[in-house]
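Okay, so subunit A shows up in both of these, paired with subunit B first and subunit C after.
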Partner chain A sequence: MRYAMAVDTKKCVGCSDCVVACQAENKVPIGFCRDWVVEIVTGKFPEVKVELRSERCNHCKNSPCVRCCPTGASHYSDGGIVMVNGDDCIGCGACIQSCPYDARYSHPEGFVDKCTFCQHRVTRGYKPACVSVCPTNCLYFGDLDNPKSDVSVALQKRKYKVLAPEAGTKPQVYFLI
Partner chain B sequence: MSSRRDFIKITSVGGAGLFAAGNVAAKYFNPGKNMKGTIQRTPTYCEVCFWKCSGWAHTNENGELWKVVGNKKDPLCNGRLCPRGSGGIGMYNDPDRLKSPMIRIEERGKQVFKEVTWHKALEYVAQKMEALKEKHGAESLALFNHGSGGKHFSNLVKAFGSTNIVAPSYAQCRGPREAAWIATFGTAVNAPEPTDIKNTNCLVLIGSHIGENMHNTQVQEMSEAIDRGATIITVDPRLSTAATHSKHWLPIKPATDIALLLAWMHVIIYEKRYNHEYIEKNTFGFKELKEYVAEYTPEWAAGITNLKASQIRETAREMAFHAPSTIVHPGRHVTWYGDDVQRVRCIAILNGLLGSFGTKGGFYMQTKASVPTFSHPPYPQPKWSWKDFLDGKFPSAEINVSNAMIDASHPDNQSDKKIKGWIVVGTNLINTIPNTPRTIEAIRNQDLVVVVDTMPMEITGWADVILPECTYLERYDDLRVSPERYATLALRVPAVKPKHLTKPASWIVRRLGLKLGLQDYFNYSDFSEVLDWQLKQMGSSLAEMKKKGVTVVDRPESSLYLPKDEPVQLKTKSGKIELYSQLLEEQGFDPLPKYTAHPEAPDGFYRLNYGRAPMHTFTRTANNPNLSDIMNENRLWVNPQVAENHGLKMNQMIWLENQDGVLSEFPIKVRVTERIGPDCVYMVHGFGHNNKRLKRAHGKGISDTKLITRVAIDPIMGGTGMRGNFVKFLVEEPKKEVES
Partner chain C sequence: MKEEFFVSGRNIPNIDPSLHIWHWQIPAYLFLGGLAAGILFFAGLYTVLGKEKEMPTAVKWSTFIVPFALAIGLFFLFLDLKHKMYFWKLYTVIRLESPMGWGAWTLMIITPLSLIWSASYLKELIPGWNWKFEILNKFEVFVIKNRKYIAWLLIVYSAILGIYTGILLSAFNARPLWNTSILGPLFLTSGLSTGAVTIMWMSKNHLERKMMSKIDLILIGIELFLITHLFMGFLASTEVQIESAQLFLGGAYTYLFWGGVVGFGLIVPFLLEVLELRGVKIPAAIPAIMIIIGGLLFRFVMVDAGQLTRYLY
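The block that comes next holds the complex of A and B.
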């Protein structure tokens, strides 16, 4: 089993519902977030293009955060979800430094926090909160080992890219272009 | 508005048909009452905007509000709320909420608000209302309202004897399109718009920025249209979010839209790209229109709009190619330049030429549930109403015009029909109606101003009495019956108890009604009794609906559209689609829309455009902790060349001054971006709050409304055109006179 997500940049309107819903679902304190929206503007008026995309932890196969964690708090869980065990975390912040995607933050209660692909929902058969709320339906989630999963189907049909492939992290969040 | 909706052979589904017989729940189930230790969900419909998506409010093991998620059965949201809906919990949690009734009193020569009991506050309001009635007549009381709370107050105000009830959503927003649609199709557009986006092959947006406005169904359906490969054509001086997803973006010179629309008609007609038989059978005035648009070639329009003639031609052909599965969207906030009915008339005419009215992929025929009225005595007949005050002005205004009510309230009102008391429910008139100084003069001329709100919005600072309403998550309200593809009913049940001393509007009006001797109009002790009675009349019950949250009545697809083989039968004068409007002609206006050049920016000034951000609803959400966390200020979009000419840098704080010397109250951050052209600047509406009690929103960004002092009134229906204002940049903080 290999969980992954695909983000359709042709549909995302950058509304940040993924962020608001995640904050509520996961009780992320106001002022922090586990996912966020990026807007990239290229060209010159009127020949100008915009890419909007929802970003989060890439749940990399080769995660620098897991490698550098001195206590083993950052670890791979079922389906490759990169998790942080808050009780084991000493808040040293090495993982925050190591992440090329700036996907982690220091929780005010003294541990490092980030996207969990909503493991608590996914294991019960629900979609992650961001996926289930997205009004444009631009987020696809599922098991890459299952060719019929939403994410597999999306990746079969469309061209895609990953962020910072040069970092060699093997990210598992894909962007449909 | 609903009365205009039901004429085209579409039967309103209602009454007993809504629920299958024998479907009444056997045992009473109250999800509103949280059993300790379990997660509970309670049905609600959202009140963060007017779309009113149905959802479930979840409370955690301690009975505390946790999250709100969409109801999968609701066609307005399909289980997906927008960011405002997801952030609705912030309305409940906001520490700056109004907490107690307050009365303005004088203390040592200074006016202050004093917290009082509900009894005292309502006693005070009732006395003042009686005095108002005695001195000026009941008609002198006006209700300005928005949202669900307003419905309860409408009942009170009508029972009191006034029909001067108004919402800024008409004359400051969608009114012109309703008048234009009535002139052309004999029916208003209504909200939600009956645009069949999910089935369309071509969607044309003119200054309508779906995706920045989070009109949920439309956003979802536009996404489906993108998936299907539909063509999107967006006309906007700014590369809006919708424009970024469009095949064609027409970066039009602001205020020249009518020229483009006339040229599109020209191409469709003179290249014979219309369905001859359809036009013959269903439209009125084609010959006149054809003659009229003869001179409006794409080349003519190109010179005015700064667009390429080839692009105008190409996009017209593409629309016609996909017709009748083409939607030229009527827009929503359409009060721009004062000739707005005529601009939307152009849009209506185009839809008429393309045959999209009542057609799959064009506009479907709405339906809605009718809910039985809870019995009360007939309302007294007022001696005069807003129509009489207008005295023939704005003949197409089908509902009350808020700026006219400001006129009726203003000391310069010479007529004998004067407004002397205001009840303001859920609308921040200071930042909603343009020309704020005039609004304030009108307020100062009132004997009584009552403000009902959840938050200390600017308008509360002008109140004699502030009545704190609880949020939608803490109350029952009327059943939601939005006109849509399917008749639906959605229920709102309190998920948590009202915080502080706040109360539901239904409770406030009833108590006030008792004090005014109007108890017969509020024949319930709790509003849930009204809902239960209504639902039982329809074959269900409150208990049953609490389990479902929403009920949808299925409808055969064929009934969504007009029958293809029969000629249309509309409520226009000719019964047909009026390309040439006999109604407007009779009212003394142009039966075919004219292009008029609008004033241009003086040297050094730029046109001020404003719009929406997906995570905010006007001025209402700027202080919401969850939503201000995502966006806490507006920024001024400036083209890089313009920025360079003025030496402006990204994120620099600047002040603005408009053509009348009016200054922005606060500075705004510059956003240098290629997404906007050199002839205008843009900001999101709803920021720049100056009430210090809004701790998160105070002084964040600026208010566009306060810079809108030049207002072009639409003579047809009274809309306030607000896009004719120009601003210049001030890099130093201007010296201001201290307001007394």
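The block that comes next holds the complex of A and C.
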């Protein structure tokens, strides 16, 4: 099993529902977030292009954060989900420094926190909170080993990219372009 | 033209400052670790070479600084942790992939080793010192008998400690300025240099001072060579590393790095030491203090600037 997500940059309207849903579902402390929306505008008016991306932890196959963690608090869980065990985390910041996507933050209680692909939901057959609320259905989630899963179908049909592939992290959040 | 802004999340003040997560504690510790590594390396080296009599400051007196430097450094590391009461979790696992794990275990070994080493010379520093407990006296006899073996351990572990202060940073490929394998040898050389000048500064023996000064000149030469290679490597590398080098080649850190670290901390003390060796009267404290300040500044600049550099996508 290999969990992954695809984000349709053509369908995303940047409403930030995914951000709010995540904050509510995961009780993210006020002022922080585990996912966010990036809007990139290229060109000069009136010839401008826009790309909207709902970003989060990429749950990389070759995660620098897991490699750098001195206590093993950051680890690979079932389906390749990168998880942090708060009770093993000493808050040294090595994983925050090692992430090319700046996907981690220091929780006010001291440990490091990040997106979990809503592990507590997906292991029970639900979709992650962000995916389930997206009003334009631009987020696809599922098991890459299953060719019929939402994410596999999306990736079969469309061209896609990943963020900073040159970092060698083998990210598992794909952006449909 | 490329404009980028975040619809949500990243414009929240609590997020972005928290990504600049390492402040003064880390560079201050890296400096103290490098200094300790430098002093212990020369203590071990001259013991193995059998030069305890010729180099008393290197082998004996300077090592009294080390347990204090390491203890303060460890305290700084502790201050840096955000989940402080869980620090002991570091010592529940051995993670060979994690440089910070390596560092934690190296410190666990080298700190008591440095304490034992300097304590075994305490009777020479304070005549009439009494350990009070018989077991400590017996242990002292054991340490003194096995000094040569402990000296080998000091050489190995001080080299690991010195290199590790650089590898700690170079292992993070997300920060392109740090992500170069030259950083390990560069931090080791810089640590050895600060150690050598501390010994030179403390020494009252003219020949020992001259020897440490000569060694330091070689170390400064190596450092300048490694810094040149650092920037040659950056400029011949990928876009993110070219951009991170620009921070030092016209960017925000240009004057601080080339004026403070390279000029004030390496080239000027190099010239002063050359003049001193040629017979001009210059107090050893002046080049020593300049190199120590330069070493400290180098680590502050690298840690601070590194956190500004990132992948672009």
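To be clear about the criterion, the second predicted complex is superposed on the first by the 177 of 177 C-alpha atoms of A that agree within 3 Å, B and C clash if a C-alpha of one lies under 4 Å from a C-alpha of the other, contacts with A are read in each partner's own complex, and residues count from 1 in each chain.
The definition used in the following text is that a residue touches a chain if its C-beta (ideal position, glycine included) is under 8 Å from a C-beta of that chain, and two chains touch if they have at least 3 such contacts.
Remember, it's a predicted structure, so these values are computed and weren't measured experimentally.
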Fit or clash between subunit C and subunit B when superposed on subunit A: fit
Three-chain overlay, vertex subunit A: subunit B-subunit C angle, C-alpha, nearest 10 degrees: 130
Partner chain(s) touched by A:Cys134 [first = subunit B, second = subunit C, both, neither]: first
Which of subunit B and subunit C A:Ile40 touches, first, second, both or neither: second
Touched partner set for A:Ala24, first subunit B, second subunit C, both or neither: first
First (subunit B), second (subunit C), both or neither touched by A:Asp87: second
Partner chain in contact with A:Phe111 - subunit B first, subunit C second, else both or neither: second
Subunit B versus subunit C as contact partner of A:Pro64, first or second or both or neither: second
Dominant toucher of subunit A (residue count), subunit B or subunit C: C
Which of subunit B and subunit C A:Gly14 touches, first, second, both or neither: both
Partner chain(s) touched by A:Glu166 [first = subunit B, second = subunit C, both, neither]: second
Lowest inter-chain C-alpha distance for subunit C and subunit B in the superposed arrangement, angstrom: 5
Those residues of subunit A which subunit B touches in one complex and subunit C touches in the other: 14, 16, 19, 31, 33, 41, 43-44, 52
Touching residues on subunit C, where the partner in the complex is subunit A: 1-10, 12-15, 18-19, 21-22, 80-84, 86-87, 89-90, 92-93, 95, 97-101, 103-104, 171-175, 238, 307, 310-313
Subunit A residues touching subunit B - in the complex, by the definition given at the top: 10-11, 13-17, 19-21, 23-25, 30-31, 33, 41, 43-46, 48-50, 52, 132-138
Of all residues in subunit B, those that touch subunit A in their complex: 66-70, 79-83, 86-87, 89, 210-212, 214, 216, 219-220, 222-224, 226-227, 239, 241, 244-245, 249, 251, 614-615, 625-627, 629-631, 639-640, 673-678
In the complex, subunit A residues that touch subunit C: 14, 16, 19, 31-33, 35-44, 52, 64, 67-73, 86-94, 96-102, 105-106, 109-112, 163-164, 166-168
